[in-house]
Structures are given as C-alpha cells and as structure tokens.
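Next come two complexes, and both contain chain A; in the first it sits with chain B, in the second with chain C.
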Partner chain A sequence: MIVSKFNTGDFIYYDLHSEEVITSNFIEDVNLGIYCDRLQSITMERISSDITTNGTEGEKKIAFDFTNIVAVQTNINSYFTTLKNSGFSLVFVNITKEIIAQLGYDSIANSDNINSTVIFFDKTTLSPLKREGFSLFYFFENKNDFFPNNFKIEPVFKEHFKNKLKLYCENHDKQHTSSYVYLTSYINIKKLISHEKQFCLYSIIKLAIKALKEWRQSAPIPPYFPGVKSETNAPILVCQSLNSSYFVSVLSNLLKLDVLILDKIGPINKIYNSMNKSIIQDRNYIVVSDLVCLGTEVKIVKNIIEFLGGRYLGNIALIKTETLKKSDIIKKDATVAVFSIDRTNNKELKYFITTDLENNE
Partner chain B sequence: MNNTVSIIDSNKTFTPLVFYNDFLNKIATFYKENKKEEIVFKLFEKGDDEIYSSNYRIDPISTPLLLSIIEQLSKFHSKPLYLLLYNNNATISVMEFLFRSNFFKTAGQKNYYNFNGNNILNFNEEYLGAFKGREIRKDHIIRAYKKSDYPDIDFSPQTTKAEIDLRDTINSLTAYSVQEHFTELLFDNENTLKNHNTYIDILSELITNGVLHSGSTTYAMMFVDKLKTKFSISDNGIGFKGSLMSKNDFPFYYKKDDFRNSISKTNYNFNVQFIENLLDIFETLFYSSLKERKGLFDLMLNVVLNTNGYFRLHTENCQIIISNRLFKYVNNLQELREEILATHNQFELVKITEENHKTKTLEVKEKIKNEFKKLYTNIVKYYSEETQFSSVRFFNVKFKGVHIEVEIPNN
Partner chain C sequence: MNNIIIHISDLHISDQSEKFGRANKSTYLKIETGYNNSSFISQFTDYLKKIPNKRKVLILTGDISNIAEKTEFDEAVKIISQLITDLNISKDDILIIPGDHDIHRDSIKNKLRESDGATKEDLTIVKQAYFSDFYKTIKGSEFKNETLIFDNIEIDDIMLLGINSNSIVEQNGGHGFLPIEKFEAELKNYRETHATKELILCLHHNLEGEHEDTHFGQWNKENKKDLVAIFDRYNIKCILNGNEHTPNSKYISGTEIIVSDSGSLSSLSGIDASFKTYEIKKNGNNLCLENSTYGLRKINGVSESNFGSWVKYNHEDIKSTEIKNFVLRKVPSVNKEVVIELPISLEEELITNVKHDYNTEMVVYSDEPIQTKLYKIIKEKKLFHQGHFHWSETSRAHNWIDIARLLEDKEDLYFINNAIIDVIEKMNIITNIDLIIGLGYEGNIMSSKASVKYDISYTFLPYSYRWKDHNEFENRLNFENKDKRFKKVLLITDVVNDGRTIRKLVGKESREKKFFDNVEKIIVVSLFYTGQEEVNNDILNYNNLPLIQKDGDEVVNNIEFYTIKHLKVEKCPYGENYKNECFILKDNLHCVHKFYTEE
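Right after this comes the complex of A and B.
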C-alpha cells in the first residue's frame, strides 16, 4: 500500500515520511505515530517494489521528499543507488546534510542543488530545531531539466483532492441538516473513506501534521514529556459524529492522544444529561469533524465543552467550506483542514449554498 | 542439598564482572562435581538465614547475562531449571527490582497478553509479593527478542541478496521495537539525546545480529542512572567463530582467516585457547571493517569516538574493552574505515572502474590490517604486564554466545 505517490506530469513524487508513518503504524503496528522520523529499509523496500511492479507510467524521474525525516537506517543507500543505476533521475527534497553524508552521497555535486535550513520539531522541548541541509539535492551530476526550483506538493495535492471529491459529490437539493440553508450537492464522505482508503490515510497524516504545527506548543502535544499525560494536559480529541469517529481513531493513533466520543451532535441532534461525566474540567479539547460546512455542530460541541469547564482549543476537519472572505475570518475560529471548498473550486464541485431569499442583483 | 548454586552472594554486588569471574566458576565447579544431577539455583546465597547481616545487590545490566546462561543450561537439561526464592528483609529489594523489571515474567512460563515467557525457569510464584511498593521506571525492564517474534518472516535465505534483504528487514523491525522500548531512556540526558539516532542504530544492529545468528533469545536491558546510561545485550548462539565459519564465499577483499594468518605465532604465557578466542574477535572486527555495509565495527567506533563511552565485548573466554585508552588506534581506524567506505561507494555510483576499486580497496585493506596488528600487539602486550586495567580479559570458564555491554557517561 503506497499512499503518497503523485504523478505531477513531469515526475513521480513520494513522501517518505508519510510512507514511514504507514509502515510503522499500520503495517508493523508499532504505534510510533507521526513522530517516527527514521526512514527504515522496509519502507524503501515497499516504495522500490512499487516502482518496479506498478511502474512509473513511463516517467524516469522521481522526487523523494525527506521532509520530517531526521535519520535513516544504515545501508539504506542501496535502494537509491540501484534506482539510479537502472536509469532513474532522482531528486531529494528537504534533506539534511547529515543524511546525505550517511548515504555516502557527499561526493555528488550538482550546481543546481539548493542549500537551506531544514526545520524539525524537537520532541523534547517542542521548539523548532534547525539543521543544515538542502531544499533540493540532485542525485545526478548533469544539468537539471525537470524539477522546478520552487516546487511545492501542496497545489498538486489540492488538485488531486478536488478531482477525487468530484467523484463523490452527489446531487442533493435539500436543506442542510443542521443549518437553515439549501445545499446543491452532498459530499459522500463515507464513500470517500471506503473507496479511497490510501488517499484518505495520506490526507489524515497531513491533517495530523497540521494539527501538530498549530498546537504543539500551546496544547501541548507531547510524544515524550516528563511526567504523566494528564499532568501535562495533552489535549483530547472529540469525535462528534459517526464519520468523524473514523478520523478520530486514526488521528489518536497518529498523534497519540486520547479520544472522547460525543455522538448525536449532528446530523441527528440529541444531547443527554450524562455529558458532565465525560468532560474533564480544565482539560484541552480539539473537536474533529469530517466536513465543516457552516460550523453549527462544531459550535454546539464547543459550547458543551466550555459550559462543562473544559477548554476548547479549536477544530480540525478533513474538508472545510470557506463561506467568508479570508480577511473576514477570525483566526481563532478558523477550522484547520487539509482541503477547503472556496470560491476557486466550488463551481467545479457544483457545491452551492442557497437560501429561499431573493438574491441581491 | 548439594545440587544448588547460589546466584547473588551476600555483600557482593552481582555485576557483569562478578558474573564472568565468580558465577561462571561456580557453575563449572558444580558440573565437575555433579555430572548427572540437575542444577538448582538459589537466588540468594544465605537464603532465609542471617537476614540481618546480609545485603544483596544486583547491577541491572547483569540480568541479560544471567538469563542467557540460564537459557543455555535449561536447553542442556531440556527443561526449565528450578530457582529457589526467598522473600525476607534482606532480599526484598532485589526481589522487587527483579519482579518489576520483568525478570520473572521473561524467564517464567506463563503467557501474557502480547508477551510469552521463555519457559527457562521454574519457581514458586507465591514468593512474588508483599513488596515495599517502590516503583521503578517503566522503561527499566528486561527485553527479549527472538525469531518467533516475527512469525511472517522466512529465516532461511537462499541467496546472498536474500540474506542482505532479510537482515535489512529484521533491522527495520528491531529498530521500531528499540524506538518503542528505549527512546524515553535515551531522551533522558543530553549526551544520549543528542545522539539518540546513533544509539537506535547501534542497539538495533546488535539485536539484529543476535536474532539472526544466535538461534536463541537475545536479552537486552538499558538502565539510566545519574552518572551514566548503560546497556547490555546478550545471546547464547553460535558466536563470531560460528557465523564466520558458516560463510563460504567472501568478497575479493577478504579470504578466510585473513587476519589470523598475518599474525606471527609468538609464545605468550597464557592459554592458547584464549588467544584463539581473541583472534576470533579480531577476525570478525577486521572483516566488518572492510565491508561495504556498516556493522559491528562501525558501531564500536561510534561508541568510543562520538560518545566517550566504553564498549565491552565478550565471547567464550575472552572479553575486549574498547575505550578512550585506545584512542590513537581507534582514531586511525576510523579514518581508514571512511576511506574504504568512500571507495566502495564511488564504485557503486559508477564513479571509478572495477579495476580501480579493487586496487584501492586492497591498498587500504593493508593499512587497516597493519593498524589492527598494532592494536592486537598492544592489547596482548599490555595484558601480559598488567591484567587489571588491560583492554582484554580472559576468563577460565567458557560462556558461549556474544555478550556486549556499553556504558556512556551522561555528560
């Protein structure tokens, strides 16, 4: 199972950290979460066998993204050397000098290599850790002719996400379940989860990394912290519907956080009076949703948490709808999501929110 | 009962050195005197006597050694051995430590969730209780690694390529376990924190060696105190000689007994068997220092040069201790090792021809061999003069397998 392979048209892209997370958490069941930062040979084995069996659609150019990889297993260089020797042009993205030296590739010089500082998060102090490295390292010596210097995977990922979503947008034309508006299409998250398992996992890993970046110091989200978890007040992930329970369970595994399930917030809304037993005073809570449209359910959960003395940190979701202009959104209320439905793509997705009121023309 | 052998003597801390020097001797004497009888261990020398004048202590990192020898003997008798326990004022601290560090779980026969006892010891469980309630760190526990932990993996590779792949796979998997088991301990002090990835490499490499080659259980324990981080890894398998002997085809830069043949036979005033042992260790390290892939030799250099620590390696009758005292040699070896790795690398990247690769490798090999010879002569010479502080120790009783202890100062 490869989750992070993208064909950008010019080259094939693999995200090594995400693949490593998949190997350690889902294939080998060691539960290191997204904090695993060593590239192991079983991960490279999986990737290189994907290259040989599934092919690269004729492309002989591959980019390996080393973002978040701090160390590599000894002798892992044979995988890259074999690929190079069978005619592939390789590019390493965001790699530290240490790793290059460990791979034994410091003798390979290319004038197009770009020196830069690679940033990690220190697991113990939770503050950024800077290492010298390359934002681009060409594993060949002739002039580069395929890799754009300012390449970012984000736009490719978003384009890909949009195309996937198109497949699971269904005609709806009914009122929204929890807010008083009409929706023209309904995004079937259940289908997306079951039919695009790999892609969904990759998106959840991205979401976990985003959440970590957002709250790691303020929450804090500590993988290794002296003392007991409850004393350091690690946040609790709140699940508020059946769909979000899937995301919550994967996220809790990746972030190593506890889970609280509050079902029946939406679409069917029913609140029981046993709530006060499940919310702990002064603990931090992060609400997890599948898709945030107008945010009504998130607000309900937020109110419950705060009413019972918990601290609401914020909300994460796979997809969010941006109904306001960027400048009008208050940062504190913004949902952290990996994909936004906004004015640039809602037409394509046929996703409109309407009301019975007359339009202002 | 004269078929009992006591393990921890009163007023004498049970350290690895006590283990090699005294405990192994006791076992050897027992078998000399009782050819047929089955050995019974007595955990504490005085048992329930002299409670108020006895004092028992154990160095945590000697537990893997203890488990290894017990496993070996229990294989010999083909049944779990009996261990007499005592729970009294004098013994309770050690009992509690052993209990909480999973010694009894690891050696016993019960199956726990996700954890199978190795069934090498039999004891009365009723003694395990009424402790003082002192907590130990949850990470200070004994770990056991064995082939049956990896039920999906085929351990009989047919080709050299498959052998390398198998090694990498096991190394990956043990690296995951090592991260799970030891990261928190490594994060404990600055010296190990800074190099924690190196230690994960070292530990996983050593455990991989044990799992792959020993055909037995590999026991490991890491312990952190105020002054140092120390760990010990112990198996009772075929050892270095066995694994080198089992190989038939070597790459162009090495032939069988390469190092041994280059040493001129001199007469030393100690046992030939000891010298043979020492040569086995050197032979293995020498071969490891020539290879394309990083291994035992590299991690030894790492411990000594990058962390200022001690690396002690014991097999059969001989233990070598590599530390800063040998800095001069180790530093030279490090430089040559880098040279040879670079040569292999350039060849793999098709930057030099096969011809060049061969001449260059053989050239550096000779230099390494010389350096090894110097190290060897120094170690042996120094031993003949002064046994207490020498870099090599010989023990009269043979203990099979590979036993490694590493100590790293905390600052």
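Right after this comes the complex of A and C.
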C-alpha cells in the first residue's frame, strides 16, 4: 500500500519519508513514529512493487522526495538502478550529499543538479540542522526539465484533497447537529476513510507533522525515546467521536502520545462512562477532530477538560471550515488542519452554512 | 512461555593478517590488532536475551572459521564461550556442526605430502583436527570423526541431530555428501530408539539452492536423490542448514520436507547478517516450530551501534522466502456436522456437556507472553471493576473491563495493536479477507495497525447497543455487497461476552443484515472473551448456544472466533424483573453504570 503517490501531470511523485513512516510503524516494529528518518529497503521494495504492479499511468518520469530522510539502508541503490534500466527518468528532491555518496552516485555530475542546503529538524529541539545536498539531483540524462525548480507538493496535495472531498460531500439540507445553523452538505469523513484509506493516511502523517511543528518548539510535545517514560507533561490526544478515534489511534503511534477516549461528543452527544474519566490536573490536552465546522463540539470538550483541571492546548483536525476572515482568527483558537474549507473553495464543494435570518443586502 | 531453538551459522571468523590464506573482509568477526569481537557478540546476546523462552538451545550450522586455521579456532573459543555464558546455555544444549570452511585444507595437503598411502580415515582426522580441538574445548567431549550423526539434543518432542556433511570436502573443496548406507544405519538407529520424537537434521551444506539455478544447492546431485528417499522413509520433516548466507526456508523440491537456512550471523556486506529462532509450539498433539528471522539492519545512522541494530523481520514482508510455521505434527480435524444432525433435545445436551470434549480439534489463539502482559496491565491499572453494568435490558453484568483506559497509554496501545496483529498472523486469518471492520471506539482504535498493515478495505461501526447514539452517517458501513464481493470479513472488537451484540449487527434487519447476508465467513478477533464457555473458534455461532440463550437471538452460524484472553465476568443473576428484584437498582445504591439510553 502506497500513501504518497501523486500524478502531477508531468511526473509521478513519491514522498519517501511518509512511506518510511508507514513501513516503520505499521508494517515493521521500528516504533519511532514520524521521527523515523532512515529509508529502508523494504520501503523501496513497496514503492518498486507499486510501480511494477499499479503502473505510472504511462508516465516515465518519477520524483523521489527525500525530505526528512537522513540516512539510507545499504544496497538501496539497486531499486533506482532497476528503474533507470526500465527506462524511467528519475529526480531526487532534497537529498543530502551523504546519501548520494551512500548510494554510490557521487561521481555523477549533471549540470542540471542544483546544490543546496538541505534542512532537517533536530528530533530533540526541532532546531534546524543544515547539511550539504541537492534540491534536485538527476542522473546522466540531458534536458531534465520535467521537475520545476519551484515545485511544492502542498498545492498538488490540496487540489487532490478538494477533488476527493467532492466525492464525499453528500446533500444534507438539514440543521447542523451541534449548532443552530443549516448545512447544505455533509462531508462524509467516515466514507472518505473507508474508500480513500491511503490518501487519509498521508493526510494524517501531514497532520502529525503540522502538530509537531505547532507544539514541539514551545515544549509541550517532548522528544520520544522508545521505552523511556520521562516525559511528564506530554499532551494527551482526546478522542470524542467514532471518526476521531481512528485518527487518534494513528496519531498516537506517529507522535508517541497517550490518548483519552472522552466517549461521544458530536454529532450526537452522549457520555455514559462516568467512571474513571481521567482528566489529569494541569496536564495538556489536544482535541482531535475529523472536521471542525463551527467548533461547538471542540468548545464542549475544551470546557470539560478545563472544568476538570486539565489544560486545553488546542485542536487538530483533518479539515476545518474557515468561517472568519484569516485576520479575525485568534491564533490560540485556531484549529490546526491539513485542509481548509474557505471562501476559495466552498462554492465548488457546494458547502454552505445558512440561517433563517435575512441576509444584509 | 515456550522453548526455543536459536539457529546461527557461517560466522567466518577470519584472520586478517593473511599469513596462511586470504582474509574474509566481509565478516564482523575477525582477528586483527586492536579489534575486539566481544562487542558484536554482546549486542547479539543482549538482543537475544529479550526473546522470552523457557529453555533455549543453540544450533551452529558450520563455517565457524574462515580458513580453519588454529588462530581462528582459538578466537572461536572466546566468541562461543562468551555467547553461551551470556545466554546461560549449558554445553549440552549446543550443537556445533562443522562446515566446509572448518576443514583445514593445508593439513590434508601436508598429510598427502608426508605419505602417499594416507587413508581416507587418516585424512578425515587431520582435516578436522583444529575443529576437533575447538569442539572439545567448548563441549567438553571429543568430536566423533567416525560417525555422521555425531551429537544430539532432546527438547520437548523433538530430537535435533548434529550431522557432519563434509565427507567429500577435501583439499580442493567439495559439496555436501552423506554416504548412504552408513547414514541410513545411523538414522534408523535414532528413529527406532526415539520413535515418539520428531527428528530434525542439523547440518552445514544446503540441499536446496536459493541462488543456484538447479535445485541441488551445494550438495552432490546423485547423493541428494538417495537422501531424499531416506528422509521420507524415516519421516524427516525439517532440516536446518547454513552455507548460503541467505536466510530462507522452503520445501525440498517435490517433497514436504522443509529446509531452513539462518543466513550468516556476521555478514558485513551484501545480505544483512541474520539468525533465526524457532519457538516450539505444542497444542494437544499438534507440534510446530514458529520460524522467526532477525536481521542486522545497517542503517549508518547516529543512534545505532557501529554494527547496526538487530530487528525481527515481519513475516508478511519475507513470506516469499520464509515459511512461518514448520508443521512437524498435525492432528486431522474431525467433521463437526455430525453433532448438529442429532435430535434437538439430545443436541442441546451434547452442546452443553460435550461440546468441547468430543474429538473436535480445538482451534484457539495462544501466546503466553502477550496474554500475560495484557492481564498484567489490567491488574496494574486496576481496570477490572465490580458493580452493576448495563449495556441493554438483557445484557447486564457485575463486572466490567475498562478498555477505554486500557488504551490510554501510548505504549500499551502500541502493544495492543500489535497483539491484534499477532492473532491475525498466528491464526492465518488474513488470507482472502475482503474487509476489516473495527467495532466501537475501542475496536476502531485497536484496529489501526491492521488497517494500515494489510492492503484491505477498512471501515468501522458503532457497537450495536450504541446504534441510536450515532447519526445515520456514522452507522453506515459504506460498502455494498450485492455482488458478493465481500466473502470473508474480519471484525475486530475489544470484548466479547456471549456474542449477541455481534449476531445482532450481522443478523438484524435494522443493522447490516443486507451486507452480511452475502458474507460467507465472519472472523471475530477480540482482546477479551468474558463468557462462560470454554474458548474455541465456533462458540459464537447460534447453533452452539445453550437453548435458553437462543430466545430472541439472531440465527448466525458463520462466525469464527479468536480471542487473546479469557476473563469470565459474573452475569447479573436477576431475571426480567431485575428492576424490582435487585436491591442495588431498586434502592438506587449508586453503583449502577448504564452504557445505553433506556427507552
């Protein structure tokens, strides 16, 4: 199963770190979460098998993104050599010179290769670490113009996300279950998880990286060392719905954080389990949601946490709805999400929030 | 906890001075000024110590040295002594088998130079002289040059036989070979004196080739044909060998005999260094070895030692080269249908009294370390509660396991996700599964690893008793099964009591009956079984329920069930009139926990 494959129209893209995260944590037992940074041959085996089995839709150009990969297993170059021998043009993105040397490609001098400083984030401090490398590294071919120098995967990912969401936006035209407004569409996240598992997993990995960036430098998410339970106030991921329970489970594995199942808050609120709901005094909590529309359920959970003495650190979600102008959003209340429904795309998604009140026209 | 066999091979301890021959540069174990082999061995034994076992035996299938020089065997004494001391293995629990690299070719040449009339027996003694000295130092007994089967270890119902396959390895090398008559006579003797044991042959040369185009490995072709007939005659099912430097296991072509190579313990380049363990699993009269392969991952990162890190390979990733279970003894299952055809009254009696006492094979999951750890977490976190717990009008108990809290700690959650994987792998469940379903919050959380590891569709559903607490989108399965695409479904949940909740989900019109009507087999995997029956894979089926429980239940008979731990809970003893009869409820003594909304 491959999670990070994108056909950009000009080339096929694979994010090697995301694939390594899947291998290390879900296929093998390396148990380092998103902190794993060494590309294993088993990961390349999966990718090679994907190319052989599922094909590349006729595309013969492949970009391998090495961002966040610090080292590679020996003999991994055989996979790239095989692809080259099968007629594929390859480009490595954000690769260190150290890895190039390990792969045995340090004798290749292609004028299209772009020297650059590759930046990593220290696992402990998240401070940037600089290493010499290439933002683009080609093999021996001439005319390497298929990969734009300024290419970013983010817009491609968002476009894919929007197109996928269109498939799972179901006509609703009922009132919102938690707030006193009407919704024209219901975005069926459960169906999205069921039918787009690979894409959802890639999105959850992206969400984990975002959460880490949000809360590592200010210390709440501590560094992880397997088996060491020294972190005293690491945040706890709070699950409050059936959909979010899946996200919480995967995120716990990726971020190495404990979880709290707060029964059911939204779309229908029911809390049965009155025993041992262990909100711990002064402990940090991150509420995990599938989709945050108006944020009512998040506020309910926030209030429960704070009422019982915990600290609400923030909210993360796969999707958020930006009903306010960006300038009016208060940073600490902002949901960290990998996709936003906002004024640039809500019409295309047929996602409207209405009330019975007259518009001010 | 079970006994384990540790299989290592091809150490190729090499003198780097090249005084007497070429040095092997591709080994971690070497003789070089300033180099110490003990840190490599310590890392290996430190890792092995973590593998739980009751008793362990060590099999070393040859090529201990590289060119069989005395200096290499002197170093081998230090290395093997450290290894068995660290692992606390007695000298009787180690089989040391010579490989072709343990044959000292210069000694053969010298003997031939000394005397043209040197006999084969003379040469056999001189070519193995350094190995024999090493052997005696470690084992405390003489190496038997004169026999082919020179040593043995008994463990459980297994006898491991140490075999010398170097008969025709001479000064110019040579393949594996066993003189047929002599070998058969020796093997026959073992077979007759140990009739109830499964004999496993341990030797150096590979009978099957992973790298060769032919199927003859590095064995004399004609000799192999004769040997295969002998293996068959004496009911040999498994052979452990070395020589290939590639971990693998396979059947000897055209037979049911498994050959297993552990790979090289010290390989520095090319294929990763590796070793194997075989856990001896006995269930009734079934006997098998669970084959686990470990590799030394050379990642060149900052956090590993200079050698890399030992990791256990996931079977799913090496299934093309490794057989997971070496079945040594299997009891054929008996058709259970005969019980169902009996008259109803008698059938009920049989089901209650004899259900798991007839000649039916018990099919249950068992892994003591996992089961013990799971129970330990329950005890330490105090998650087994007493009180009144109600899931519906008819589902009431005096105990409850708080699974939500069990899943809170990230390490416990990781362990539980892996425990589910272990059940799936050990019981060979995943083959032909078309859909995985996590049931309830807890089931959904416990299934995440399975949902990613296996490239199979995944979805989740609320518990049946919580159906009304969810909106229509949460209750939908989101998969159609009109075309019978989903024939085999895996359902993962936290706790199963009598299975009524599952039968409801599957058989009730208002749940997912339409989908499940076209499902041929539903496999249920749970963390806990809290019911009263003896655990077996068929106990959740309607036909196997006691008559009294059948009333109002859904008729579902295609469930196969596996659980990790059986913890019986006390059911509420009051009947339909429990609200008036039970003083706790009647007098509102405040220890009633309802997990549903009363209508």
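As a working rule, the second predicted complex is superposed on the first by the 334 of 361 C-alpha atoms of A that agree within 3 Å, B and C clash if a C-alpha of one lies under 4 Å from a C-alpha of the other, contacts with A are read in each partner's own complex, and residues count from 1 in each chain.
The rule is short, and it goes like this: contacts are C-beta pairs under 8 Å (C-beta built on N, C-alpha and C of every residue); 3 or more make two chains touch, one makes a residue touch a chain.
Predicted model only: the values in this text are computed from it and were never measured.
Upon superposition of the two complexes on chain A, a steric clash is found between chain B and chain C. Within the superposed three-chain model, A:L349 lies out of touch with both chain B and chain C [touch as defined at top]. In the superposed model, A:C239 makes contact with chain C only, not with chain B.
Of the two partner chains placed by superposition, A:L308 touches none, neither chain B nor chain C.
By the touch criterion defined above, A:C169 reaches neither chain B nor chain C. Once chain A of one complex is fitted onto chain A of the other, the partner contacts of A:R38 extend to both chain B and chain C.
Comparing chain B with chain C, more residues of chain A are touched by C.
Using the contact criterion defined above for the overlaid structures, shared-chain residue A:I114 touches neither chain B nor chain C, since it reaches no partner. With both structures placed on the common chain, the touch criterion links A:G104 to chain B but leaves chain C unconnected.
Of the two partner chains placed by superposition, only chain C is touched by A:K256; chain B is not. Of the two partner chains placed around the shared chain by superposition, neither chain B nor chain C is touched by A:V156. In the three-chain model built by superposing on chain A, chain B overlaps with chain C at stretch 295-303, while the rest of 187-195, 223-231 or 295-303 show no clash.
Common to the chain B and chain C interfaces on chain A are residues 28, 30-31, 38, 40, 42, 45, 70-71, 73-75.
Across the complex, chain B is touched by residues 23-24, 28, 30-32, 36, 38, 40-43, 45, 70-71, 73-78, 81, 84-85, 104-105, 107-108, 123-124, 224 of chain A. Taken in their complex, chain A has these residues touching chain C: 1, 22, 26-31, 37-38, 40, 42, 45, 70-75, 102, 170, 177, 186, 188, 190-191, 193-195, 197, 201, 227, 229, 236, 239, 241-243, 245-246, 248-250, 252-253, 256-261, 263-264, 267-268, 270, 272-276, 278.
If you check the complex, the residues on chain B that touch chain A are 165, 168-169, 171-173, 175-177, 179-180, 183-184, 187, 193, 197, 200-201, 205, 293-294, 298, 341-342, 345-346, 348-351.
Of all residues in chain C, those touching chain A in their complex are 269-270, 297-301, 311-314, 316-317, 385, 402, 404-405, 407-411, 413-414, 417-418, 438, 441-442, 444-449, 451-453, 455, 457-460, 462, 466, 469-471, 473-474, 476, 478-479, 593-597.
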